[in-house]
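Just dropping this structure here.
Letters A, B and C mark the chains in the order given here, with residues in each chain numbered from 1 onward.
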Amino acid sequence: MKTFTGNYFEDFELGQVITHGTPRTITQGDNSLYIALTGSRYCIHSAEPVARALGFEHMPVDNFLAFHIAFGKTVPDISLNAVANLGYAEVLFRKPLYAGDTLFVESKVIGLKENSNGKSGIVYVHSIAKDQNLDVAIEWKRWVMVHKRDTSATTELNSTPDLPKHVSAEKLSIPAQLNFSEFEPRLSGSHDLWDDYNIGEEIDHIDGLTIDESDHTLATKLYQNNAKVHFNAFEMKSTPGGKRLMYGGHVISVCRALSHNGLANALYVSAINGGTHANPTYAGDTIYAQSQVIDKWQVDSDSHIGAIRVRTVGMKNTKPSDLPSIMVEKEGKQRYHPQVVLDLDYTLLMPIR
Amino acid sequence: MKTFTGNYFEDFELGQVITHGTPRTITQGDNSLYIALTGSRYCIHSAEPVARALGFEHMPVDNFLAFHIAFGKTVPDISLNAVANLGYAEVLFRKPLYAGDTLFVESKVIGLKENSNGKSGIVYVHSIAKDQNLDVAIEWKRWVMVHKRDTSATTELNSTPDLPKHVSAEKLSIPAQLNFSEFEPRLSGSHDLWDDYNIGEEIDHIDGLTIDESDHTLATKLYQNNAKVHFNAFEMKSTPGGKRLMYGGHVISVCRALSHNGLANALYVSAINGGTHANPTYAGDTIYAQSQVIDKWQVDSDSHIGAIRVRTVGMKNTKPSDLPSIMVEKEGKQRYHPQVVLDLDYTLLMPIR
Amino acid sequence: MKTFTGNYFEDFELGQVITHGTPRTITQGDNSLYIALTGSRYCIHSAEPVARALGFEHMPVDNFLAFHIAFGKTVPDISLNAVANLGYAEVLFRKPLYAGDTLFVESKVIGLKENSNGKSGIVYVHSIAKDQNLDVAIEWKRWVMVHKRDTSATTELNSTPDLPKHVSAEKLSIPAQLNFSEFEPRLSGSHDLWDDYNIGEEIDHIDGLTIDESDHTLATKLYQNNAKVHFNAFEMKSTPGGKRLMYGGHVISVCRALSHNGLANALYVSAINGGTHANPTYAGDTIYAQSQVIDKWQVDSDSHIGAIRVRTVGMKNTKPSDLPSIMVEKEGKQRYHPQVVLDLDYTLLMPIR
């Protein structure tokens, strides 16, 4: 067989390292497309002089753009036969990425646990995207439920890694030379800085963005993510949803873009603590987002860098103010409200006044 | 409140200067997207050697692309609560822009006039986009009708600026080093030069272009214009149009692209004298354009530069030859035919034979 | 008339050379858009270091992207009044193209044959795209059926060129410095090299990709191809198909992208031997592809370069495994199955182990 139909649960083994195909050089073309696809307005990804004034070598590409590209590389080997993407942990943005940088991605299998029904299992991987100098640029852990090839035999695999609930302050990689002391808030469109946010504070980002079929498929193809659920309308007709499913990463990017209105000075995504794609999203859905500040701390007072840990919840076809609650009880269990599509916990760097 | 719901009529004051957020570095990615979004075929924005042979430092980006980006910056502060974009005047392209240039945009309030109904007022602004060297790259005046925050109290504001009907020849900025003497018409696809156009001449540009939902939303997000009428299908359902409204600037760009067939050698947009978005445009509409030469003059005979002032009228779902008239009488008033969507008056530079 | 309605059969003469308008500088923006539009995952167009390690100066743009751009230039002059694009022959990719290169395109009329019905004729052209140094980058022959202007008079033109069925091995241009000896298959996602393919072998590429209205129109506008059948929904309503027709070149690109799964190491498109757009494709169609190896030979053993000649058949809304046959008999003639949309014969360079 010359074609590849993806790995099944039995194809993975603990400690195995997989080098993913198609390394990817990120270009200004990707950056422009990302702005067109999301409407993102964060100043460091839009203006070279603004980025340089803060110590970046150039205008960095959005860390979510880089993450989606790196993540896309892992799809053919890790999740082509996934039943579900279950979660992320410890997504670390270890250095800013610029147009011209190339990502080489590999994954190590760090856990394997067969499901009790014998039909599938959970694969835990630690993925690392290195740049052309072999410096680690992004790393993350994720776990996916993957079909078994042979449901009649049991593997008895039952190994799960320890995964932290969130990235601790010491684990954050602060870009070398980063200095927010000369930051001019008028260049971002908001005067609210790190000092102005309080733990527990909730922000309704107000705006909504409708995503069409070409938008999400262009984005996902740009990331070279080849999971067929996003692209093949012909085969998706016979699935319960009946149509192409939107890549959850695009929903993350749209929520991040929408949250500019309220978090315009949360300039740099430093880590993702965890994330859940709570419900599917389809073309035609209008996405809204709301955020809550769940922690904040000073990173470096000389360079005026603060960190803010935020939980952003994305929802479809309802304003945040009209959603009765994020969780609802169903059959005695707490579940996400059916219009909630994303629950993301991430850490951002923000200037201190 | 961390989120920004836009300024209301009472929030503006005469002489106020607003620095807009998110300066923007223009890249080759933007240029490629602009070609993909409009189908534009003007040679100086498509081919580096052609542009250089005419004295440009590099291939300049389309002045309409640069204008839409600069304009987009002003939306959050000026027109988020606009009832209507009423008009433009004196849009001056003061220097060519190249990939790598960054636009910083600010606006000065030059007029404020409350409407007699007490519900809204007209805000006049003079907006300036400077490049990274703080040279003025683009400037323009526009006026928008903006909601009042408090309709019970009158502001008695009644100041309107003097705005010229068109940009006079002396006010045009001719790019330094520009020289059309070596221009080869075969590179543009048309042999018609400045000499061949007559004042009063009408050109039916023949071709039509259908605009889909992703096209106009990608364009408008690329410009980082965040006016929600363009993006939020969920909320637009309850408006009279029932759906997302196309950004009028995208219609301008499509009409300019269509007018290549008939004005291929009108190489460089030097000024917009005025413009009206006559009727709304929605996804699925097919746009056509026709032009009339309303003036022409020699700019510089040594460098073979002529100017041509053109009125381009855009229309939807009708060929220009099938439109009975641009204006129709309704209730005793001259109004635009309901299929006319754009009335643009602009000045272009064209080689003299 | 300032507008151009295209050439009719009588407007062409044997030996005539036409310089096409709008030379085009290819940029990284085009490359990113091409990835977003097709989902292509070939490593040499995705990663600068991978391309350089094989001897390319930089990451070359996909030869199909370059071809579509070059082809688009010829449309206004050659095929605006085409009844049908009948075929291609001897499409030669003479040198790799990089971001920053500019294509200047001209066509020579090499055959003219009036149809017996007197209504149209076949125009054969040899088109050449040169770069900014006037080196030939791409050349090809194609023939199109073009309407006559005057169907009452006969031209008696009856000249057809000799066109080879395929490009012979000696005619291939192998990029200078190209060396596959250091190629690492793990970077492409497949371990199958030239050695592993057998003449006659069939590959079902498995995956399907649905193309939406904005996808194909963005692609075709990016190529500055202005054939109105692709863009004008208003006028296409009154045609038999009732809607916009997809540019066949985009179907080629999608089939090439899909064939990554099975031909991931067929790194470089060296020539197109011939191609037929068997049936029309419309927005909403899901495209699948299957390939057959029809020849293979060593190009250079020192540099580990092999050639593989492949026939790729594209089809819509059916998996290759469900298509009964490529050809079906209709009224005693062998015709393409109505779901077959592309029959492409091309030659690719592939590393030898």
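Here, contacts are C-beta pairs under 8 Å (C-beta built on N, C-alpha and C of every residue); 3 or more make two chains touch, one makes a residue touch a chain.
Everything numeric here is computed off the predicted structure, so don't read it as measured data.
After Cα superposition, the angle needed to carry chain A onto chain C is 120 degrees, rounded to a multiple of 5.
Comparing the contact residues of chain B and chain C by number shows a mostly separate set, under half of all numbers used being common to the two copies. One inter-chain figure worth recording: chain B and chain C are separated by 36 Å, centre to centre, where each centre is the mean of the chain's CA atoms. Residue positions 27-30, 32-33, 212-214, 218 of chain A each touch two or more of the other chains.
The touching residues of chain C, counted against chain B in their complex, run 2-5, 19-25, 27-30, 32-33, 76, 99-100, 102, 104, 132, 212-214, 217-222, 224, 226, 228, 231-235, 244. Against chain C, in their complex, chain B makes its touches with residues 27-33, 35-43, 46-50, 59, 186-190, 192, 196-197, 201, 203-210, 212-215, 218, 261-264, 284, 286, 317.
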